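A, B, C, D and E are the chain letters, set down in written order, and residue numbers restart from 1 in every chain.
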Amino acid sequence: MSFNLNKSDKSLIISFKQFPDVEILILLFSNVRNSSEIKENLLSSNSSYNYSFINPKNLLNLEQLFSSIYKTLINYKNNEVKSKTLNSEFIFQLSPNKNIFDSIKRFGIAQDLKDLIVLKALNIEEKEIDKTDHSQPNSLQDHYKHILEIVDGDLIEPNDENISKITDLDLIRKNYKLGKEISTDKQILLKELIGVIQLKGY
Amino acid sequence: MTVLNKGDNNDDLNGIENRPFAIYYNIGEAIEKRIEVGDGPHFTKGKTSGPSDFVLKAGIKDKDKPSEAKDSCLGKLRSELTTLQDKINVYLTERMASNSSGNNNEEAKFEKEILDGTAEDDEDEY
Amino acid sequence: MVVDLDQHLKPGKSSYVAIGLEGSANKLGVGLIRHHPGQLSLSNRAEVLANIRDTYITPPGEGFLPRDTARHHRNWVVRLIKQALDEARLGKDDIDVICFTKGPGMGAPLQSVVIAARTLSLLWDIPLVGVNHCIGHIEMGREITGAHNPVVLYVSGGNTQVIAYSKQKYRIFGETLDIAIGNCLDRFARTLEISNDPSPGYNIEQLAKKGKHFVELPYTVKGMDLSMSGILAYIDEIANTLFNKKNAKPLQNEEGKNKNKKNNLCFSLQECLFSMLVEITERAMAHVNSNEVLIVGGVGCNERLQEMMKIMVSDRNGSIFATDERFCIDNGIMIAHAGLLSYRMGDTTSLEDTVCTQQYRTDQVLVKWRDD
Amino acid sequence: MSFTSSLTLNIPFQLQNQASIALKTLSVDPILRPDDAKVSYLISYISNCHYLHIDLYAISDRVLRVLANNIIASLKTIVECFDEF
Amino acid sequence: MSRDLIERKALLLLPHIPLLVVSQGAEAIIFQTSVHPYLPQLTSSDSIYIIKYRPSKPYRHPILDKQITKHRTLNESKLLLKLLSLSNSNDIINDGAVLTPSLIATDIPNGLIWLQFVGHFLNDPDGVNQKNFNNISSLKNYLWSIEKKIPLHIHSNLKEDDIISQSLEKSIISINYKIKNLLTLIGIEIANLHIFDICHGDLTSSNIILQKNSNYILKGINIDIENDTDTDGYLPYLIDFGLSFQSNLIEDKAVDLYLLEKAIISTHPLFANNYYNVWLLNGYKTGYQLKSKKLNNKSYINQHKTIIKRLDLVRLRGRKKSMIG
């Protein structure tokens, strides 16, 4: 995959080898102050909020997120996307839960959430992979600016170190239904989470 | 059980044109029964050496009859053996019917074993 | 190292002739074969001088009982031997060795045939060689097809094995854990009350050709082994609910729907069982790094099985070898051939050792005539 | 259990060799259940004939019948071989 | 599908992924690739990832084919995950772990699984280090490479059931105790698997991959392992879970062992009965003993006994099976 971490503007753009036409912009915020506002806009289907808003507390590191993005793209290719939009599908695929609404509640944005991952996938050829309103921003640069406008928080570099500070192991245990005996070895725990994500829906 | 002293006691064998015969003994009941094949005619197709009952009942033609005997001493012997086989079977079957012992199951099992082998492998053991 | 097969050629003779007697199941076979000295090869093939068979056929819905099968063999064995000798225009002086099936098989039929073998051996003063039935199939298959070192799928009424040669033994890599493929098909033929003439398996194959709709059945491959009794129970149950309900005898109603249903069941059973056979064969091929397959045994005549196997093998860029019904169905010639190989290595079976045995595993036999 | 039932089969052959081959051919096969039955063989020469005597002992008539039937069936094959070859 | 077609189909499913066929198993074709599906390429490493592809089998009826392909792919992925969450550690002996390659990604409808690469490539007897899966460090190839060193004349004189004299044994298998330790460890690992109520369904010496791991020391044990737990530096990984299933039935576990036993006999006939299978079963017993000790629960010992008893029955059934016609 290609992995372009721009240190100066703290943005990450990734692209998988298998899906060279798709580019994904990933931004990480801390101290978000307008979570409830974002949520309301999402609920009212405001088309300028055409992004995935992900709760990073559920993440051990970027690999976990990438794994679910990859799975979403595979499902997209196989015509097996379950939720209405690709944005919500990215969130849904992070969750082991079969219920879309519940998954978004647990893995998406919550009213008082301070940390936030915002994700946007674009098809290089057709631009909007998830075609909606063409009056909306049409390049990752446009989206980057737009996201900064709608999220009131501190942009921090989306890297494993920053994510690990946000990670909430108890929440992971609860949301991934891992029971008490969760491995103390983070590598093994990560493998397990990835396994769950890869087998979601089966 | 004494065995005939074949060398000395020729009486049993004289006067029978060298036909096969059998002698049945039962020590418990002190029975001695001589089974002769008689004058015949004898055939290679026996009454007790045909197909099983269920095959006959299904009504298909018996394609597997023995070949007919040649007109030779050995051909004659083969026919006579068939008659002897029938007579022994009939005699012993009658005896079994008249004094059926309590051991029937066990013996039937033995019979099946001889006729159909010991393959009890169709059923699992557990 | 090449095995010397000619240490025991009789003085004054330029070739070997063996007679083989087979009667381990419901087929009685007599065959006569000739080997010329030297290694068998494409330019030095065994000569089939006679290959005669008679099959004991039971009424529809019935299997063959050992006692009736033995009766069939007893009543035919001498006639068949005579016919074979006549056909080959040979007399007792031409024969080097009398070969018979020692096992595995049904006790009474085996015994009824070995009686003739022993009598002739003593009468003609010719040695006996007891042959493992499965080895007979394998060696004859190799000889007829020219397959060099194949993975062998041996499928018949009593056997389902995937075999490969290694270090002077034919080793069993996969096999059925319960009933044999032919047995499974025969028993289903009985459930459907299909005719046993010429064989239940053949008639199932004909019905299956007309089947179209696939009925899902359990699929029970276990490693390189497989299990079939569960599948039989499952499809028997379907057949019984379809056909054998109280009223009348719908089974004999060959009209319309029932006929189609029967066809479809036969079709599905074959598809399922044969897929498993092809899969375990492929597993063995991958395991021993081989790309040749030889199919032997009565079920090996089935065209659908051969077709499926062919697809699998050609996808692996391999070759498939199969024989026609003269050789894949039990026969005397294969016993003669395998017995003669043994004889040429100097092995004969003494009279006391001619007792037949129902259980006789393929991997018990030391394959002296191969050393590759 | 004792062998209460017994049967002696007496089979005449013209040639010594025939009686002897029949004996050898038959006697190879063991009795399946030695506790239930026993078989012994003997050849004698009586009135120009080579007799094969087969003594069968069994614990019951049924066992005896099975044995006798089987042996005679085999004998018929043996005799047919002699006749044809 | 022919090999060629399979590869072309795989390329369509995996565009832009460099694929190298490394083995064509019976039901799956194995590719290796240097590309991780969703992680950035590390310039420094020559990473290998495994892609297991179950193509459709044209000899099968399409309904059956779909059913089997999906079932096996899903089954394998699920069991790998299940084992990961059950075993939770890398320690076969102390934590009752079962080592398996970890799951990286799946594309179930298309029969694809991405897996962590385990093992390495064994040296050819001629000393050539071939990167060829015919040379992968499976238990089979490892044992064969050692068996090959036996001089030919000994081979041909060796009968299957001979117990080799001790001196000969040492000269034949110079690292004999290492094999013994390794097979013991594998036995323990299979016991661990069965204690989790999982049956592998296809245990053969090809389906056990040996991973070099000098860091890992089998410690804290007082079992039937000789010479400081040396297993030639290998840790055994179980692979190929396509035929695996969950079961707590004694019969299923016994059959699982029986299949392994038979596979060892047919693949390694000279040493199977007197050595390899004995060691494997000893290890299997040890596995249950360790579990029993750890939980202070005797029922594991009994479980082991019942399984072995049933194994005897299964063997007997195998021998007694009528083979007619």
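We adopt the following convention: a contact is a pair of C-beta atoms (placed from the backbone, for glycine too) under 8 Å apart; a residue touches a chain by one contact, two chains touch by 3 or more.
Treat the numbers as computed from the prediction; the structure is a model and nothing was measured.
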{"item": "Those chains which touch chain E and also touch chain B", "value": "C"}
{"item": "Chains contacting each of chain A and chain C, listed by label", "value": "E"}
{"item": "Whole-Å gap between the CA centroids of chain B and chain C", "value": "34"}
{"item": "Distance from chain E to chain A - Cα centre to Cα centre, in angstrom", "value": "37"}
{"item": "Separation of chain B from chain D, taking each centre as the mean of its C-alpha atoms, in whole Å", "value": "11"}
{"item": "Intercentroid distance (Cα basis), chain E paired with chain D, Å", "value": "58"}
{"item": "Chain E: positions in contact with at least two other chains", "value": "317, 320-322, 324"}
{"item": "Junction residues of chain C - those touching two or more other chains", "value": "70-71, 74, 78, 106, 178, 358"}
{"item": "Multi-chain contact residues (two or more partners), chain D", "value": "73, 76, 80, 82"}
{"item": "Residue ranges of chain C in contact with chain D within the complex", "value": "70-71, 74, 77-78, 81-82, 92, 111-112, 115-116, 118-120, 122-124, 351-352, 354-355"}
{"item": "Residues of chain B touching chain D in the complex", "value": "1, 3-4, 6-7, 10, 13-14, 18-28, 44, 48-49, 66-67, 70, 72-75, 77-78, 81-82, 84-85, 88-89, 92-93, 95-96, 101, 103-104, 107-108, 110-111, 113-115, 118"}
{"item": "Complex contact set, residues of chain E against chain A", "value": "14-17, 35-41, 74, 77-78, 80-81, 84-85, 88-90, 102-110"}
{"item": "Chain C residues touching chain E - in the complex, by the definition given at the top", "value": "24-27, 104-106, 133-134, 156-159, 164, 166-167, 169, 171-173, 175-178, 180, 182, 214, 216, 219, 221-225, 271-272, 275, 278-280, 282-283, 285-289, 297-298, 307-309, 311-312, 314-317, 330, 358-361, 363, 371"}
{"item": "Contact footprint of chain C on chain E as seen in their complex", "value": "1-3, 6, 23-27, 57-61, 63-64, 67-68, 134, 155-156, 160, 201-204, 206, 243, 255, 259, 262-263, 265-267, 269-270, 317-325"}
